[in-house]
Structures are given as C-alpha cells and as structure tokens.
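Sharing a structure with you now.
Note that the chains take the letters A, B, C and D in the order they are written out, and that residue 1 is the start of every chain.
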Amino acid sequence: MSNDRRLRLALFGSGRIGQVHARNVAAHPNIDLVLIADPFIDGARQLAEATGARAVQDPEEVFAEPGLDGVIIGSPTSTHVDLISRSAAHGLAVLCEKPIDLDMDTVLACQEQISGHTVPIMLGFNRRFDPHFADVRRRVEAGEIGRLEQLTITSRDPKPAPRDYIAGSGGIFRDMTIHDLDMARFFVPDIVEVTAVGANVFSDDIEELNDYDSVVVTLRGSGGELVTITNSRHCAFGYDQRLEAFGSTGMLLAGNVTPTTVRKFGSEGTEEAGAYLPFFLERYAQAYQAELEAFAQSILTGAAPSPSFEDGVSALALADAAVESAATGKTVAIRKN
Amino acid sequence: MSNDRRLRLALFGSGRIGQVHARNVAAHPNIDLVLIADPFIDGARQLAEATGARAVQDPEEVFAEPGLDGVIIGSPTSTHVDLISRSAAHGLAVLCEKPIDLDMDTVLACQEQISGHTVPIMLGFNRRFDPHFADVRRRVEAGEIGRLEQLTITSRDPKPAPRDYIAGSGGIFRDMTIHDLDMARFFVPDIVEVTAVGANVFSDDIEELNDYDSVVVTLRGSGGELVTITNSRHCAFGYDQRLEAFGSTGMLLAGNVTPTTVRKFGSEGTEEAGAYLPFFLERYAQAYQAELEAFAQSILTGAAPSPSFEDGVSALALADAAVESAATGKTVAIRKN
Amino acid sequence: MSNDRRLRLALFGSGRIGQVHARNVAAHPNIDLVLIADPFIDGARQLAEATGARAVQDPEEVFAEPGLDGVIIGSPTSTHVDLISRSAAHGLAVLCEKPIDLDMDTVLACQEQISGHTVPIMLGFNRRFDPHFADVRRRVEAGEIGRLEQLTITSRDPKPAPRDYIAGSGGIFRDMTIHDLDMARFFVPDIVEVTAVGANVFSDDIEELNDYDSVVVTLRGSGGELVTITNSRHCAFGYDQRLEAFGSTGMLLAGNVTPTTVRKFGSEGTEEAGAYLPFFLERYAQAYQAELEAFAQSILTGAAPSPSFEDGVSALALADAAVESAATGKTVAIRKN
Amino acid sequence: MSNDRRLRLALFGSGRIGQVHARNVAAHPNIDLVLIADPFIDGARQLAEATGARAVQDPEEVFAEPGLDGVIIGSPTSTHVDLISRSAAHGLAVLCEKPIDLDMDTVLACQEQISGHTVPIMLGFNRRFDPHFADVRRRVEAGEIGRLEQLTITSRDPKPAPRDYIAGSGGIFRDMTIHDLDMARFFVPDIVEVTAVGANVFSDDIEELNDYDSVVVTLRGSGGELVTITNSRHCAFGYDQRLEAFGSTGMLLAGNVTPTTVRKFGSEGTEEAGAYLPFFLERYAQAYQAELEAFAQSILTGAAPSPSFEDGVSALALADAAVESAATGKTVAIRKN
C-alpha cells in the first residue's frame, strides 16, 4: 500500500474462512486485526491469540469499538445481511463472504437499506483475485485474443461437503456454481439468458436433498458470447478449477496448479505432474491476500469496490435462474434491473 | 488384414473426401480400387489415373461390374440414400460419408429399404477412428476412470465453409455438430435429452442464412451422464478438436495435435508448441486409414460395422433435437425407437 | 518425387534394419525393390516374398543385375566397406547403414577406393531425417534463436543390446554415441575438440567387455559452441531421444514422442502422458522413409547426398577421439583433414 | 517453528541479498531482526527502518549486542571468513552467503579456526531449499527412480553481471557454477572426478577478463554417477534453472517456473506459457524463506546445519578442480580430506 495510514479491521466469524482472513490480516504489514467476534467464543479466542486480536462474543462490541475502518464478514450466511446493514450504518467498510444471502428478496431489502451509505461494500468472490484467472482477464481486456466469443469454466470440488452443509446451502447453483457465475460476469458482465441442466450420478445423499451433484450451465451474453460452466461435487484428482477464453484471434487458458514443476517418467507413463493443490484454501491462498489488499485500497482511496454488492446480487439472480431452468427444462431470460 | 483375400472396391465421388478414400485404398496392400464413378468425369479420370482405378460416369456401371465387394460413397449428401439403397440391393458393402441425409423421413425410408439386406452398411464418422479419441474410449471402457460422469467435447473449425456450402448444409447442428453428437454416442450411446443454445458472434453470412456460427449443446445420458459440446465455425489457432472424459476415479483428456514435439523459448513466451494440424484432412489422416481397415474387416469377417447405419440415424435425431431446442429454448427429450 | 522415372534398388541384408528398408521401398510409389541379397537365404526369401523382390545369396548377383540404380546396405558392419567399394565400382548409388566400419584405416582405404567414382554414397544417419530434430535444425538455420551457442543431446536406449552384439560393436562411442556425434555435426559441422567420460553403473556384462554403460561427451565447435551428449544403455521409460538448441536469442527443444496426446489425471498424479515410442523402429519410422526419399532424390537429381561418406568418416573420427579421451582423461583435439 | 522461543538475529550487509534476508526475517513470526551492520550506513539505515531493526556501522557492535542468537552474513565475499570466525568465537550461529571465500587456503584456515566452536555454521546454498529441486531430492531418496545414475543440471543467468563484478568474482566456476556443484553434491555427495570445458561465445568483456561465458562440467560420483552441468552467463528467455535426475527405474525432472498457468493459443504458435521468473530473487524467493527456517531450526534444536561449512569447502574444491580441468584439458581427481 502506498498510503502510510494503518487500517484497523474487525472480523466476524472464526471458522475456516475466518481463519484465512485473520491470518492474512495479521501478516499484512499495514493492517491491524483488532477484534474477532464469534458467539462461539472459544474459537474466537484461539484465533485471536494466534493473530494478536481481541476476541468478543457480541457483534455489538465491534460496532462500539472506536477507530475501526472496516469489517470482514466470515460468519454463517444467515448472518450476512444483518451484519452488512449494521456495519454500513456504523460507517464501517465491509468485505463480506459470498453469498450475501440465499433469498433474493432478503438481498434486495439489504441493498435498499445500505443504499444511503457511502462506505465500500465488497463481496468475497475470491476467484477474481486468483493470479491465473486475473491474468487471463487482463489479457482479454488488452485485446490479446480479439473479441471474446466463448468462455468455458470447469469447476469441480474434490469431494462433497457434509450432508448437513449441503442441506442448508441453497443448492449447488447458489452455493457452488455462484462462484463460476461471478467468474462468467467477470468476463461477460451482461448475461441475458441462463440454461441449466442438473444430474445425479454419484451421491444418494445429494439426490435425497433434491439437489444435483453435477450440473452444466450455459449463459448467453448480450454480445452473443456463450459461457459454459461444468460443475461436479466431486473430483478424484483434486480441486479442478480451469478456464478457457476463446476469442476471434486466439485463446487463453488457465489451468490447475501443482505445488512444483516436477514431472515423473516411468515405464507406465511419462511427464506425470504431481497432484493438484487439494482445495480452495491452497489454490486460492494468493487470491485471498490480493482480495484483502483490494479491500484495503478501496478503504484508503475511496475507489469503488470490486466485486461489489451489486455483483453479488447479479450472481444470485443468475443462480436463481439456473435453478428455474434446471427444474423446467427451459432457458430463462434475465431481467434488466 | 489376416485374411488373404483381396478386396475390390468402387468409389462414388472424386471430390475432396473421395480423394482421401481413393488414395487410402490405393495405398492399402490388400484392397484394389477398381472404379471411380462421378458425373464430373474429368475429376474421376484424374483421380483414377493417380490411383490405378477406372473412371466411369454412370453409377450403373458400378453395379454392373462383376466381382466387386463394396463401395465407398463420397458423393454429395443428396445422392447418399439412393446410392446406399442400390448398393445394398446389389449385395455391395457400403461405407458412406456422413450424413445419410439431412431429412429424417428420407433416412428412415432408406432404413426401411435396406432392412432386408445383410451386407455391412457403415457410416463415415471418422473421428471414432482417431487414435487419440479411440485411446480415451478404450481406456474408459477398461475402467481407468471408473464410471463416466461428464464428457466435454470441444470442436471448432479453422474457418467457415463457403456461404453456398453452408446454405445447403442443413445448418450447423446437422452439418458440423453431428460429428460431435456421434462422438458423444461413442461414449454414451443412450442419450435421452438434448439442450442446445446457438449464437451469432462473427459471421453476417451465417446469420443471414438463419444459421448459428457458435453453439453449445448439453446432452443427458440415460445414466445421468452430462455431455457438453462447444462448437465454433472459426478458430484462429487451427482445427480445435479436444475431448475430456471425467469419471468417478479420474479424467482422460485428448488434446490437439502438432506435427512435431518442438517447443520454443523466447523472451516473450516459453514452451511454445507449433501450430496445430490445420484441418480434418491432416488431423484425421490416420483415422481415415483405420476406418477403411475397419470397413475391410467388416466385409471379410461379417462383423457388424461400427459406426452403423443406425448410428447415423441416431446422430441425426440428436441434431434435429438440437435444432428444435435452440429454436424453442426448451430441452428436447429423445424418443426411444 | 517430381521425376517420373522409376528407380530400381537392391538390398543387402534381411535383418531388422534390412526389413525396415525393404518395406519402405515396397511401399514407395516410385521405387521398385528388385533384389534382396543375404547369405542367410531363408531370411532373404521371406522378406522378398513380402515385398515383391527376388532373393539371392551371392552379392555378385546384385552386381550382375542389369538396370539397377542403387543399393541399400543393411548387412553386418564388417561387410560395409567391401559392398560400398564394389557397388560404387559398378556405378550403383549407395545408401549404407552406419557405421562405415569400426576401424578408421579401413574406412580411409575405402574412401580412397571410391574417390574416383561419381555415384552418390549416402550414410544412414537416420536421425537427420527425424521430423522433430529436422524442424529444430531448420529453425536454427532460419535464425530463430540467433547464433547457436550450446547443444544438449540426450540419447538413451531402452535396454542394452545382447552381450554378443556389444562385444562386437566397437564400444558404446562407435556404436551408439556415433549417432549423437553425427547429430552434433548436423548442427555444428566443425568440431575441434572432444572430451569424454565413461562409467559403469548398472551392467556387469558391459563392464566385463571393457565398455561403458553410461557416457557423457562434450564437444567444442570451431565457433566456441559447446555440445553435450548424455548416453545410457538403458532407460526405464523407453527410448529417450531429446535435443536442446540454445542460442543467443532463444531456445528450441525437441522432445520424446508419445503415440497419442492423451493425458491422465488421477489422485496420485496428473497430466500423465502415455509411454514413449519404445525404440528406434517406432521413433524413427518417418525418418527412415524420409531418408529413402532423400536417397532417391540424390540419384534422380545428382544432388550431393547428405549425410555423405565424409560425414561417416567425421563421425567415426569423433568416436575414436571419445574413446581416447575417456581412456586418458584428456581432451582430444580433432585434426583437420 | 514448534519451539516457542523467539530468536534474535543480526545481519551483515544491506545490499541486494541482505535485503532479501532482512525482509524474510522481518516477516517471520518468531524471529526478530535486531541489528543490521554495514559500513555504508545509509543503506543499513534504510533497510533497518523498513524492517524494524537498528543500523550500525561497526561489526563490533553486533558482537557486543547482548542476547543475540545468530548472524546472517550477506556482506561482500572478502569479509566472510573474518565475520564467520568472529561470530563463531562469540558463540553466534552463522548463516553465511556462498562462497566462504575464493581462496581455498583462506577457507581452510577459517575452518581450522572455527573447529573448536559448536555453534551451527550454515552455508547459503539456497537452491537446496527450492521446493522443486527439494522435491526431486526427496523422491530420489525415497527410491522413486531406483538408483540414481545420471544428473543433468542446466543453469543459465539471464544476463552477465557487470564487468567489475565478474572481474572480482573468482571466475565463473567459483562464482556461478559453485551453486550447481553444490546441487550436484546435494544428490551425489561424494564426487571423485571433475572434467570441465569452457568457452567464449558472446562476451568480449568476459574474454578479456580471462574468464568463460559458457561452460560444461562433468562430475563422476564414487558410485559411477555422472553429473553434467551446463552454464551460460546469458539466457534470452530468463533464468534457466532445471534439473533431471535419471535413475535405474525412472526419471524426475524439475523445470522452470512461470508466474501463472496461463497458456496462449494463436495462429503462429500454441500452448505458449508466459515468461519465466526473471532471476534468483523471484525464482528462489521461497527457497530463501525455507533456508531461514532451517537456520532457525538448527539454532533451536542443535541439529547439524545443512548445507554446512564443510559443504562450502567441498563445493569450492570442485570449483577449483573445474578451473584446473578447463585450463589443462585434463580430468582432475578430487583428493579425499
């Protein structure tokens, strides 16, 4: 950060994602993690000790803390809109994990509530900050492949989340595909149509929950661009996160990441790379750091945050459309706001 | 061929694809190319001279030739059903270029007509014989990736065919995608649903012809398998022909082909491979040879030909469903025959 | 071949390499294989039957045959100089397998003998015709990497030849490395110094024969170019044949060859390519065909053959120098002829 | 670090490499950078301010500082032995940049002097900590490729250091190759023979300094292993740092590193990776961190440091042998200590 001012942040939630943010803030040379709020105070205390912060149980203590610049919301989804609204009302910048909420009406009500506030509200679509995807985006913008015509996103989790998690997740489109829908909008902001197909090929649990374990989504951009998203809730070779941008004069492809460049050659096979980084904590470690930096810059410079609250609304609208399309077998048009 | 008997074949059509077949037959140690029939006798004569065959103008001369084993039909699509029916009636084995016809009723009438004959009728879906795709298929069958769950087919032509060709092609789904639909069925024979989206992003010509220059098709197999096909009528980096088979225990991927393994390293970029093989004549040169060998084996051993006439019917049914889906925005169910 | 004249060739030797040449000639549209000469007449007869040639026992029958254009010498090394000399004396063009002979004096005597004849004498350093290496050479010549500074050649056989073969092979430098020494001269014709190191790491047989199973050779070109050759008589992952040309503005690298582009992804490893082509018959199949074509062109056009007899002399001189260097631990200077 | 004790370190030298170490110490959660000593006090002050340390001019202030655990020596080579000796005498652990000194007698005298002290003395051969090379080493040790038979090290700098630097560098073998000689010993500790060849192909400056701009070194291990090192003082495509370990049952290869996985496909070339990491600061950023961690562990646990002072002596002995071999054209045997 060019600006010398130190930032003071608080964190809601000391779970897996909260821990990622807490450690990144603690390691940042110009940001202090002041408070960690979690009703499960034990987790908050443990994390606070490791990161030099103070643990509190009640969110109100965050809002009462003098001199805070902003908050990071890593608590359960159901708490997001409440914490966003209250933080904004207290003049605190917000970096909120996706999704804003699983229910569009709730999201729109929140949007209404915060509309009068000027603090930056940023959504945690971390993949926009992945150096591989960001490099493709930058080069597409620079015209390296001419006009973008097709975008192919492959996104598979190593294995399904626990049944309980999936039961409350809002379904694969709102929980998992939503990252890819935002990635689609990162390249093609104006999506006009959604066509989705879902299937159950390996998980009885997921089927019983009336959810899909595998989906394909096709999006149409206002310029005729076709985006294809392929998802699976499991993947034997790890976290599969790839992207192909096909344009009128060429193609750019971002692949999976191995920890080293080592290749093995044996009698059965050759040029074998190692296992891919196993899941999002490893694959997107750099992305979370860059996301934090972008949030800090937004606070310091007043620049509009990206991805914004509106990006979160749009991604949810696409997820809702995918739910409808998969259920009805019909392409769903996206209404302009 | 283990069998010592020499085969005697005739060829209909001396155009681009006819030339491929003629040269492959001429180079085959156990097959003789006896006749080449083409109303445009000059082309037939030129090709006949180069391959040691005899040129004739009238198809009837083929049917009158004694001792023929079979025919290869590489003439225009509109002649296919007539030549198939007459060849079968004369007891000649048939290798016919795809598609059988652009009209399903015509195809079904032909199927009816040939139903009494026992000669092998084989369809020219050459990609089944591509060593790269065939290797993936073989390894999927062998269980290397467990149960097949998702199949991703990327297929882009280097540049659009001439406007006149496209005008009579039956549209991108029946002309170009049909190869990929057959490839889908090569892995997932029983397709139950087709969802297609088409777009116009670069060609005014194609748009004026009410055709698409870019499409995405999603197929559902009876076992829940999801197949995605991405097509474009142009591709700046050559002929893009790739396939990913994703299974419960792993993935197999077949990529594009470069003439050499040479890689270049410079200050701007590293590990740069050369240009891909430019189009189907180069990419599928080996496939055409293997297809001919399979046809010969079918004649010699009486083994059922693959791909069969029925495979041609099924691929056309999927193409027709894609046309309907793209036009209506609805998923189309495939009726069982 | 542009020239319409058919060529008539004879072949000496019906062993492994003779069979490669015989089949390539038989498959060539403009060359006839007339005679196959081998004292082991059974092998000659079998090969002759498969390729439409006539088997003879006595080389003299070849020289008595009217209308022959040339001969291919694929018989044992000990017969090479005699057959080269007699063929040249009879006005027959010669394509002789490497090496000319294992003894430099014998080679120079042969050179003296054939010096008055004008027929093309070509050496079978087949790797110059490998499309991968040839592409690197062409691009180096075209200036793609500026001035060539370093050349790295890796060449490993899948497994050692039988003990008897190695006992009579003249040692690894004259038998195996000689191919790489010629490849070095293909890029850097004027080699002025040889430094060689040999080792025994895996084969007691080879050690008992006072030969090395592994060697490294460093060559210096007259322009300061450094060439490194790494050899092993075994290689667990197949036939390892690679080349790196490092120049002032970039690098070109030719790698090993897999039959397909298929890659496998599993929980243990990713991006695994298949096994490499197992040995020279497979890896250099195209090279042998291109070599034959070059030989034919040399006969038809009178163009100087490449690699020439002199290239064979030079490669042997480098191999002899490597033998001396490895034995003495001293760099050996190459005398100019 | 498992151990909770905080370490207190001082740094000698605030130049390029000193800055790397200073920032790594400052970012380490359990190590404090207390002092930075440099006669050029301005540089020390600037770095001290950025890292929370105190700048001093006189090394004596370091030795007078109470409670120090160790020092990192990143000052010019000529100061190394003096600082090592004095640090050891004061009971301070030492992490010293390579080389210990350019003169073997000086090095041995230093070894004599420190022989009575028990503090860890560690040498800064950072490449042992590179995750790519370390992974190959770990897997070789684990037996993945059977017995190691050949090791091929490619090491090229992007461009020559300034003439003045090279003039005082001790020559390419002692300055640049020494890293690769240590890497060779990382895999094959017991080297018994050195054969080196040097050339001048691009730099008049280097030639005037009686140094080489390009070298090839071949080492023989006591088990017959052959190691090949290829160096160049320039490389158009960046920092070229590769390693191949060839064993009886397979091969492991560590390649260069690109910042992202992005590949570009265009009409001229395909699968093009981006530029490699430009030089050692970028390529070995992780290695410097891991090196620091290993140094800390050595202090905390009393484990013998690796690479040790003796590793530094051995690498210099190999470099000296390479100098002699290149000058005399003779293989040089390494005396056992």
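As a working rule, contacts are C-beta pairs under 8 Å (C-beta built on N, C-alpha and C of every residue); 3 or more make two chains touch, one makes a residue touch a chain.
Quick caveat, the model's predicted, so the values are computed rather than measured.
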### Message
So, comparing C-alpha centroids, which chain is the farthest one from subunit D?
### Response
B
### Message
When I count C-beta pairs in contact, which pair ends up with more: A-D or A-C?
### Response
A-D
### Message
Need the CA-centroid distance for the pair subunit A / subunit D, whole Å please.
### Response
40
### Query
Counting in whole Å, what is the centre-to-centre distance of subunit A and subunit C, each centre being its mean C-alpha position?
58
### Query
So which stretches of subunit A touch two or more other chains?
145, 236-237, 249-251, 256, 264-267, 274
## Note on the structure
The subunit D residues in contact with subunit A across the complex are 27, 131-132, 135-136, 139, 144, 249-257, 259-267, 274
### Query
Okay, in this complex, where on subunit A does subunit B touch?
145-147, 149-150, 152, 154, 156, 193, 195, 197, 199-202, 214-216, 218, 220, 223-226, 228, 230, 232, 234-237, 240, 246-251, 329-331
## Note on the structure
Interface with subunit C, subunit A side, in the complex: residues 236-238, 256, 258, 264-276
